[in-house]
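See the structures that follow.
Paired with chain B in one complex and with chain C in the other, chain A is shared by the two complexes that follow.
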Partner chain A sequence: MTATVESGSEVLKIRNLSVSYSQGFGRPRLRAVQGVDITVGRGETVSIVGESGSGKSTIGGAILGLTPVESGSIELYGEEIAGVTGKGRRALSARLQAVFQDPFSSLDPARTVRDSVSEPLRAETGLTSTQVRERVDEVLRRVGVDPALASRYPSAFSGGQRQRISIARALVRRPQLVVCDEAVSALDVSVQAQVLNLLDELQKEAGTSFVFISHNMAVVRHISDRIVVLYHGRIMEEGPAEDVADRPAHPYTRSLLAAVPVPEVNAQRARRMARTAATVRTEFAPVDGIGCPFAPRCPLAEARCVESTPPLVEFAPGRKSACVRINDSLAVGHEEGVALTTLDVAAS
Partner chain B sequence: MIGRFRVVRQFLRRPLGLTSAVFLVLVIISVALAKLIAPYDPLAQDYSAVLATPNAAHPLGTDQLGRDVLSRLLYGGQVTLIGILEAVVVAVVVGIILGLIAGYLGGPLDTVLSRLTELVMAIPGIVVLLMTYALTGNNAHAGMFVLGVLSVPTIYRVTRGAAAAVRGETFISASRVVGIGRGAIMVRHVLPNVWGPIIVNTAVLAAVTLGIQGGLNYLALGVNPPAPSWGGMVSEAQSSLLQQPWLMVPSGLTIALTIVAFLLIADALRDATDTRSDIPSSAPRQAVVEDSTAPSAAPEGALLAVDRLRVAFNGVRVVQDVRFSVAPGETIGIVGESGSGKTVTASAILDSLDAGASVTGCVWFQGVDLLHAPAHHRRAARGSGIAYISQDPMVALDPSFTVAGQLGELVARHHGLRGAARQRRVLELLDQVGLPDPAGTARRYPHQLSGGMAQRVSIACALAGNPKVLIADEPTTALDVTIQGEILDLLRRLRDDTGMAIVIITHDLGVIADIADRVVVMYAGEVVEQAAVEAVFASPGHPYTRALLAANPIASERGKPLMAIPGTVPRPGSWPTGCHFAVRCPFATEACSAAPIRLEPVANSEDHESRCIRIDEVLRSSRKEVVS
Partner chain C sequence: MIKTLGLRLLASLVLLIVVPTVTFFLQAVTPGNVAQSILGIGATPQSVAALDNQLGLDRPVWQRYLDWLAGFFHGDLGTSYITGDSVVRTLSGRLGVSLSLIVGALVVFTIVGVLLGILSTSSSRVWGRLIDVVSTAGIAIPNFWLGVLLIGVFAVQLNLLPATGYVQPSENVGGWIASLVLPVIALAFAGITGVAKQTRDQMLVSLASPYARSLRANGASEASLLFRHALRNASGPIITVIGLIFVGALSGSVVVENIFVLPGLGSQAVQSTAQRDLPVIQGIAVYFTIIVVVVNVVIDVVNTILNPKARAS
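Up next is the complex of A and B:
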């Protein structure tokens, strides 16, 4: 998981993506995603992290053709895929797949596991039914589900097993890019760990790239090469996972990290202080979509933060932040200790 | 949402539905074989035997022209049943296609189709039918076709509703990603998940159609006498009602029984396709409290204490030997993975278990065993002494009342406050839960609140009765992590201000570390460890607790695999005899699986209990040895 993106090796290139939703007659459209750039290299995991409604799933949906794109481009290996539907999608499905959140609704309850896992192969012509069967058995075995159980319905499986089956369905065509939208969020910690390990192994074996959408900083910190932090449809911060998670540059990233409770009493007591200190309501707010969206909750906010929208700028190699007070923010960050530094749980 | 075979099995288990189905099949077979089994020509008249009661030659008697009633019933059934089939097929085919399109695709097409069906329903059906018969020379098929069209809205509506509900499911997105076309998705994924309500309504439609058609035939519409039909026979019987009342019986009863059969089948299908039908209908409405072994005494100093709690659903045990206690002002955290029994334990305390549950043990609250106390006492305790908030705050809030409305009602119920005093208390409560604009919030409806605000309002509702204990079931799971922090801070503050105790249920050990004083770890229906939080995090006394801590990605080193616990939690009903964690435990020996393990104090610690017979080895080992 140390892939670096050289030019030309990009699997996915999103440029200036905007998506908005209609809110009904006479009301302004809801701007769910605004001017987002994301690049994913081969074998790389890029996470999109943010709170509910920040636009994470919208980006995933745009990549997968589930959400209409308003403007901008999405290229898969240099080929424009924004807005491609129907037959074009079917062709794309050989290279682009998805794993969704809810293990209980992502498999059709009225179809057997074999039906569901083989569905992506329907789009692949020239496979005999024996070949389909073999491919399905192989991929089920790979994710740790006994192929002998494939004739059962999803209701016979636990949440973790269903998520493995969803992963099997996503991988059966050996795609180059998999979009995982909250793929482990509904799982218990112990099962979540199994699934995260599985994704990691599969990536190492096949060099698959992942767009990993999650609200869970701890999970994202563990699995990603790079992290994109989203707030109100805009990128707040972006950079290598260890930097963003352990040395956050943007005040929003910091508040996100400070809010994660850690399983250690003293450490958590200290973090709680930091969290409470960082929880503020300010008098600043963007007007007509202009200004820093985080200003109402930012401990560093001041008037100039809402005079214009802070652009996403590269403040160090490979690291970007959309904050006009980036230097002050970095200085605060050093004192606060909100990072999820590896806890000493496994050591004593 | 159900396997096909399960529905058939469920249906076969319902005697009324099954009998009706057998009856209907027999009717259809005999009518189909009318040519072979009818003793006479249905039109053959025999003036020597008019209006006969049943006898050897005519098992069902004869009519006023001496025609054999049985034969007429059999032949007449053909017209009748084929007519029903025509009408129902038209209604079902058209209704399903339009319903799927409208429900699954939605949008303007949906609007147009829905208006159109409303229009069809507004048309006076009988007028259209009369016109049809008039224009087609009393053609039976045309009439039934039109009746079918008029019935399309029934099927359209159920299909549309069910399809619209399925549309948002993730498995539909998953298929779209693969490039499966809309038509194929509708046939392959939507239809199989909506056919339950459709067939139920089809059976009802058949019954209704039979009734209408009987009426039409009675008026000699769609049938040309002397050709027999069931409705026509009723009409003939009526004309000789005074001379021979019996004549009314065969045709009238056949129609009535067939209609009843269709309805009973619909009823049985409704039950069989209902996923909740696994609970036998004879189950008691309320959870049953079984008399347990000799009741223990109320524990000293505890506000709320659960002792030897055991809960079973339909004989399958889901929670056993759960015990813990909470002191005033204390926060106790119950942590465990899904299916470990956390919510069932809370429901048992709150007396909110579903039908089919049986409970044993004791739930002591302020010195009274609620499980064995008189009903009014239980209600009083649970109404105000013990309050509850759930994961989904919207569940607690009624969408059709403003915040002030529902909170005001609670305030009135608990304190008998009216008018301005009531309003004051409402605003006070909203202020107490940290809502920035209490008056503004009070005027809003639940759907106008964000998740965090809604959870604060539901906490305000819980506080309305000044509870001694607040049970919070995953109160922050549905919220953003930044909001979660605020809610935890709020709960802590309320505890400190009011002195109430909190039982917080969570799957997140971080939340436990943040707010709890003591922790109860549950695994597969049992308490496996309990202690003060410091003790549990500093030196976890059960292999499961250790594994749970180690599997947390917070504790991970990037690039290295997480310490996952192999395998899955055993389901209720398949718990092993001995330690429930044995198959996944790196410390397991044969002895672990031989007999049930008791929850016992951990050596040299008064307040630390663990359900593990190898606890000494576990404590001696390094924390790294959590996974085999």
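Up next is the complex of A and C:
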């Protein structure tokens, strides 16, 4: 599933997006997202990966209009959608839908499955109740839920089924872009695979674009065309999914990959030791937002990492990294110390 | 669901016997004598004793209680000591007045309270603060004071509405409504604030839930989100509070009926208590208990319909 992004075929174009949250009176605002650029082409899946607090869900919220945007632009088919609320936002729902993390609470417990799935269609005028019924049956069948069960309440379904129902709700209006915020994180591993395969199939059929938000690189690498790695609201690395997952260029991406458990006892033990050895070095903490945000945790940090903020540079076609070492050598890490070698072994 | 309701009704029947029984024995141990109050302070002990005998008050308490209970099961609540009229007939005429007042207050504090509560969640923080202030006022301001204030402003000074009295709806519907406006407001005020506060708190919980966020992200309209989803999920605790406030409004109606001189059960209760007219007081206890039981069953039914979660378990 590799899609090439031709110019002009962008479904979603995020430019220089910044979002900050108030932390209360007299405290500086928390800068959740700082100057992020992301482009999603037609039929493309772009994953935003990062740990808790990296700002990945904030980006999702900004696309969906749940989070106020501080600056920058978000364009859907060339139309500015940042800060669009109310009626305009409802009109957008024909093209833009969302699937959220928790299948147990993202469906209204007091409404039947049919009610929940048909809710987005309420914004679409000119549909008869028979047509609504048919659309709901069709989309439920498509995600593998028997339409005969649609008169039941969410409590009657398992987590995997509920997430299928959430996906059915997101797809019932045949949107062009679906934002999946940790859409499979709450599911068992076997169910995760089913749901991911389902999304993959649906995408191939309808050419829908996906923005997939996840903390787990292993979950997204097989369904993504491109991966964007986020840390402290900044893009650390970006590129085709296999490249980022198999040949990470940024030390942070390496540490993320190392956080994915591997089904091999010795490898897992070595990685755990490497992680324990990595200490936080406060002398590399960015001052006033200047400097690499990952430097304090980076085993390769040097003085120049915090002298200025390393820019996100394109070092190969479609491959970007925001590490100062990227210009030194493209094979960063291969000549480096113990800690990184251990991480590297784990990643490959 | 039917089984649950059946059990509720059965428990309610027990309540229907227990409440008048407690009232009966409380009356029996309260000092004072109805014959004395009928005959006046100057009556001779002999004439008081003769009247006691005539009313059957010289018999033991338990015997009088069993007599009353036997009548109760036959739908006969006895006759008034004072007027000699049938208690059922006396009270049935007054039931409509009290129901108009209490149900009117129920409708007003439910609708206004829920709307204020929703308003306070959907817009700015100012509304939320306002609801908090008004809630405190609602708890602090007694209905008799508010009643007198309303009479002073709207009846005496502005001369918009009648100060006291009741008009039968069969005579004049406009007059009936006019006669109820002020008493209903006086009775409903405390309830409005309670319902508004509960609605606000429950709606905030509902609106912060993941399904509300999903609905927003998937393009549900604000109205659909508020009324179809959030309010419905918030409805359980709100309805429970409405039931509690309603029972409180029953005792409030006793005071309000006296202020506005409405010929309802409440004003009869005050009058009969002063006169020690035991059969009438017993009758009022029965009527009030029936109202409470009916309202509780209705609340259960509404809750079950609105809350499929309750139905499932």
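Quick notes on this one:
The rule is simple: the second predicted complex is superposed on the first by the 310 of 348 C-alpha atoms of A that agree within 3 Å, B and C clash if a C-alpha of one lies under 4 Å from a C-alpha of the other, contacts with A are read in each partner's own complex, and residues count from 1 in each chain.
Please note the rule applied: contacts are C-beta pairs under 8 Å (C-beta built on N, C-alpha and C of every residue); 3 or more make two chains touch, one makes a residue touch a chain.
A quick note: this is a predicted structure, and the numbers were derived from the prediction, not measured.
Overlay on chain A: chain B and chain C clash in the combined arrangement.
In the superposition on chain A, A:158 contacts chain B only, with no contact to chain C. For chain A, the partner touching the most residues, choosing from chain B and chain C, is B. By the document's definition of touching, of the two partners only chain B reaches A:262; chain C does not.
By the touch criterion defined above, A:169 reaches both chain B and chain C.
In the overlay built on the shared chain, the residue A:48 is in contact with neither chain B nor chain C. Within the superposed three-chain model, A:219 lies in touch with chain B and out of touch with chain C [touch as defined at top]. With both structures placed on the common chain, the touch criterion links A:188 to chain B but leaves chain C unconnected. In the superposed model, A:241 makes contact with chain B only, not with chain C.
Contacts of A:196 after superposition: chain B is touched, whereas chain C is not reached. Common to the chain B-facing and chain C-facing surfaces of chain A are residues 64-66, 86, 89-90, 92-93, 97-98, 100-102, 105-111, 119-120, 122-123, 153, 155, 166, 169.
Across the interface of their complex, chain C is touched by residues 64-66, 86, 89-90, 92-94, 97-98, 100-102, 105-111, 119-120, 122-123, 153, 155, 166, 169-170, 173, 179 of chain A. Considering their complex, residues 209-211, 213-222, 224, 228-229, 232-233, 306-309, 312 of chain C touch chain A. The touching residues of chain B, counted against chain A in their complex, run 1-4, 169-171, 173-181, 188-189, 192-193, 337-338, 436, 451, 480-482, 484-486, 488-489, 507-514, 533-534, 537-538, 547-559, 561-566, 568-569, 571, 622-624, 626.
Chain A contributes residues 1-2, 51-52, 64-66, 86-93, 96-98, 100-102, 105-111, 116, 119-120, 122-123, 153, 155, 158-161, 166, 169, 188-194, 196-197, 200-201, 215-219, 221-223, 241-242, 255-256, 258-265, 267-268, 272, 275-276, 279, 281, 340, 342-343, 345-348 to its touches with chain B in the complex.
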